[in-house]
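Listed below are the structures to be examined.
Shared chain: chain A. Partners: chain B in the first complex, chain C in the second.
Moving on to the complex of A and B:
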């Protein structure tokens, strides 16, 4: 699938092409990401949505090649960042990219800061490594950054250890670390999952502001459509390691095409629902990723499935500029007379 | 040991309280004693009542607290009439110096090996840790005797040989801690901000294992001190005219039946220092436990 913005001569900021990641474990080969492709332009925000184990996190960690030291992992495809294939860089070149060109925010702010290192030092560390700033310059910049991400009394809190910060504050520190060197791309892996709802909104707002200020591109990994709606220009829906649907965010809520996307949207609670209306879960379980999947991975749970779905893997079908759906019925579904502007009320 | 005490404290609240208060405040006595030892090592002249080297046949083998023409001999005198207390003070510097330097070298090697083995795992882990185990399986004290008798006894060789006794202990503990720390998200986050392997090891892993190292370090100083005393006692360690407590014990041995203090008093001093180190280490252990 190709996204928007490839029409210009310049290459897009990030181009993921047919990325596949598999882990060789004792229980067999697990395909964590299977044929993922997308592009991202400068300053653009992409939301990657999927349930646990759908490959959304691994797919994004592979951009930075952050695999566990021991994982026996096979990566194929290409991840081109400003034209350079990150999968082919040396470890030293890669450490320049990490934090310098591409920032990363993790899910759990409580464990992503080193407990025995003052928070300010953790921000300054990245600055000094990537910009070669002096100790003093890095400290001044760190205080500015901490102030910018909303840490009150930043100059005095520089020397405090993470345990004296709340979850939301720690996530703000993580944001400061991630944007310290003004990266061109920020990857946020479920940045709000571990936070209170009110804090979630603040962090999302902060990310959005910083993105506009610094002109960063953003990849937000989440399972929360609310987060997608708040932050992303485009959405990529993943299921069982494969991309299912890729579309502009407003299309997602008005013209979702893929049966899986539709099923997910039906599960978002709505104010319009009458109080007694039950949410209808998608029947069945996601497939085991150790088994090869011949057809569409969603076929066993899909209420629209036809014979072909089990036998052949559907290619992404282009439904409009930057709207693709990996479904054999995509065109047919797109032609439906009543555009499902309220997919959650469909039969 | 500490775990046992904690369990007991939990089981009996009344006894536990008294014990906890002892554990809370008793340590400073031992710390103060060690500070005194450090002072003895730093400026022995200030503390020595007599010139430790001056021979005086007229005051040979005086028992502790005996008074000669020169004054009172707190720890008695040896067969050449030298004041034992002054000699013990004089021996402090070399005793502590050898123990601290050798333990520090052993700790540095062990910490490095442990971090590398724990962080990388796999083949480096197996190689390094098997090396440590193979060495632990050998009677290192005997190997040390062999080496020292072959190379000739000297302080320098002692400082090279003694660390081999302790580095595997540090390596094992640090490896185990590193295995835990390695899995933490903040290590992944550090890599994601561009930290290279040395940066991750020294700025992120090391500070997290320091509390455990400190506990071990203090205990191991005691062990090394005992090992040095053992080697010196056997005549392959420190040689006269240098003085260490182990050497004093050795010198007194032939006269054990007539002058017990020559052996017993340096031995007691050595024992109390090792005990103090152990007590201080337990105190650190509580801090380390609280931090973890």
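Moving on to the complex of A and C:
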């Protein structure tokens, strides 16, 4: 799915090409990411959605080469950031990119702050490491940042420990750390999942504003289509480690092409539904990632599958600018006369 | 109210914080649930939803107020009568696995309430368990499995089957789908909707996801910082939210359409800042620290009482109630809520 959203000529900010990640475990080889490709321009926002275990987190952590100490992991493909392949950098070079040019908000934010270090120090430390700022300068900038992300009375709260902050405020601190060095790319893994709805809206608005102010690109990983609609220009749908569909966000809701995307859209109770409307679950379970998958990974659950689907893996089919769907029926489905403008409303 | 399954009046529950400071977690809440009705309770974390539900079953003691459950005043019951009443009011919890005994098999777990309360002999029990398994869509061959051998959705079905086996009058569901993945969540929501339609059971359904609450509930109550700030029939609440906080909540439901940015800005305006601490609650209206319409007098002095929204009443007690000094003057927000199709 390369080329999506790229202006001819200018190299994109991020280019992920045929990225595959597998873990060698006692239970066998787990293919956590399988053939992921996408590009991202400066200032652009990409949403990554999919069920639990579909590879959203691993796919994004491998951009930063963040793996567990004891993981026996194999990564293939290329991750080009401003033309440099991050997979080939030395560990020292990589540690400059992490938190410097690429910021990250982790899936479990409430535990990723150091509980015994004052909140302000945690932001200042990252600043000093990446910008070489003096202690005083880092402190001043930290207070500005905490203020910017909406921590009231930032100068005084600088010295407090994380436990005296509410969940929403800790998440703001995580945002402050992630954007402290004005990264060109921010990866936010489920940035609002643990938060209440009004606080979620505040954090999403903050991310959106920071993105506009600093021109940073954003990858938002979520299972919530509402979050995608509110933050992303384009969206990538993953299933069983593979990219299924990649399209502009408005296409997702108007003309989703892939049967899996359609299925996902029908799963969620939504406001566009009338109350008490029946949901239509996708029958069956996702495949085990330890077993080789010859065809389309969604084939066993797909109600549209044809013979070919089980035998051969469908390549991404280009359906328009920035719209790709990895389905053997993609073109046929795109031509549907009665293309529903609300796929979840289908009978 | 007579004939109500649950009727709560001016309930107050106090706790002590870990350093011994007393605080009020539920502050003068009233609510009624009729037979077969599903009451949705929403509000942000820590606002007292679970405490209210537990106090309604007297699993948590309350300091004042009155609770009538299945026609009985809890204050008049002794321990034995209370336990007998509670078995007709089971709970379903957020974490399906954590609420199932890992050493028992599925059949035993589901039949346990019958055994504990001595409601059926062994043979009847097994027949009843299999009947419940069928009702909640658990294949018969899972009877001998242990919880770890089940998927998350199957585990939650076991919890639901166990809750329903005593032919309850009221089922309390505390965030029953929050911990489940989207595809499993859809199955469980459908199951709960089916059960709501098929059985004559009332549900108290607690959730923080408003779209989920709307999907299942007949009436919805909105709590904020220990108080019930608004209560109305489901479509009325979502189409015409009156309390500024409810308006913020409804606006914060992210739609799968465009206009996300404007929506976020609207929430920011209606619900700015952080939720205050229960240990140091604001004077007057609980919402005054975040409310764009708050005035010094009366909002910061007087606690607003629940008022019936004129014109919204479509029968005896099916009214729309709101606790806000300024509700009548507050403009309807442009939350772009198209009526459901």
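In the analysis below, the second predicted complex is superposed on the first by the 340 of 347 C-alpha atoms of A that agree within 3 Å, B and C clash if a C-alpha of one lies under 4 Å from a C-alpha of the other, contacts with A are read in each partner's own complex, and residues count from 1 in each chain.
We take it that a residue touches a chain if its C-beta (ideal position, glycine included) is under 8 Å from a C-beta of that chain, and two chains touch if they have at least 3 such contacts.
These numbers were taken from a predicted model, which means no experiment stands behind them.
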Joint occupancy of chain A by chain B and chain C, clash or fit: fit
Chain B versus chain C as contact partner of A:66, first or second or both or neither: first
Contacts of A:161 with chain B and chain C, given as first, second, both or neither: neither
Three-chain overlay, vertex chain A: chain B-chain C angle, C-alpha, nearest 10 degrees: 80
First, second, both or neither for A:269, with chain B first and chain C second: second
First, second, both or neither for A:78, with chain B first and chain C second: neither
Which of chain B and chain C A:130 touches, first, second, both or neither: first
Contacts of A:87 with chain B and chain C, given as first, second, both or neither: neither
Contact breadth on chain A, by residue count: chain C or chain B: C
Superposed arrangement (fit on chain A Cα atoms) - minimum chain B/chain C Cα distance in Å: 12
Set of chain A residues, in rising order, touched by both chain B and chain C: none
Contact set on chain B toward chain A in their complex: 119-122, 182, 184-186, 188-196, 199, 203-204, 207-208, 210, 291
Contact footprint of chain A on chain C as seen in their complex: 44-45, 151, 181-183, 185-187, 189-190, 193, 208-212, 214-216, 234-235, 238, 248-249, 251-258, 260-261, 263-265, 267-268, 270-275, 337-341
Touching residues (chain side chain A, partner chain B) in the complex: 64, 66, 69-70, 91-92, 95-100, 103-104, 106, 108, 111-117, 125-126, 129-130, 174, 177-178, 180
Of all residues in chain A, those that touch chain C in their complex: 51-52, 152, 166-169, 196-202, 204-205, 208, 223-227, 229-231, 250, 253, 264-282, 285, 345
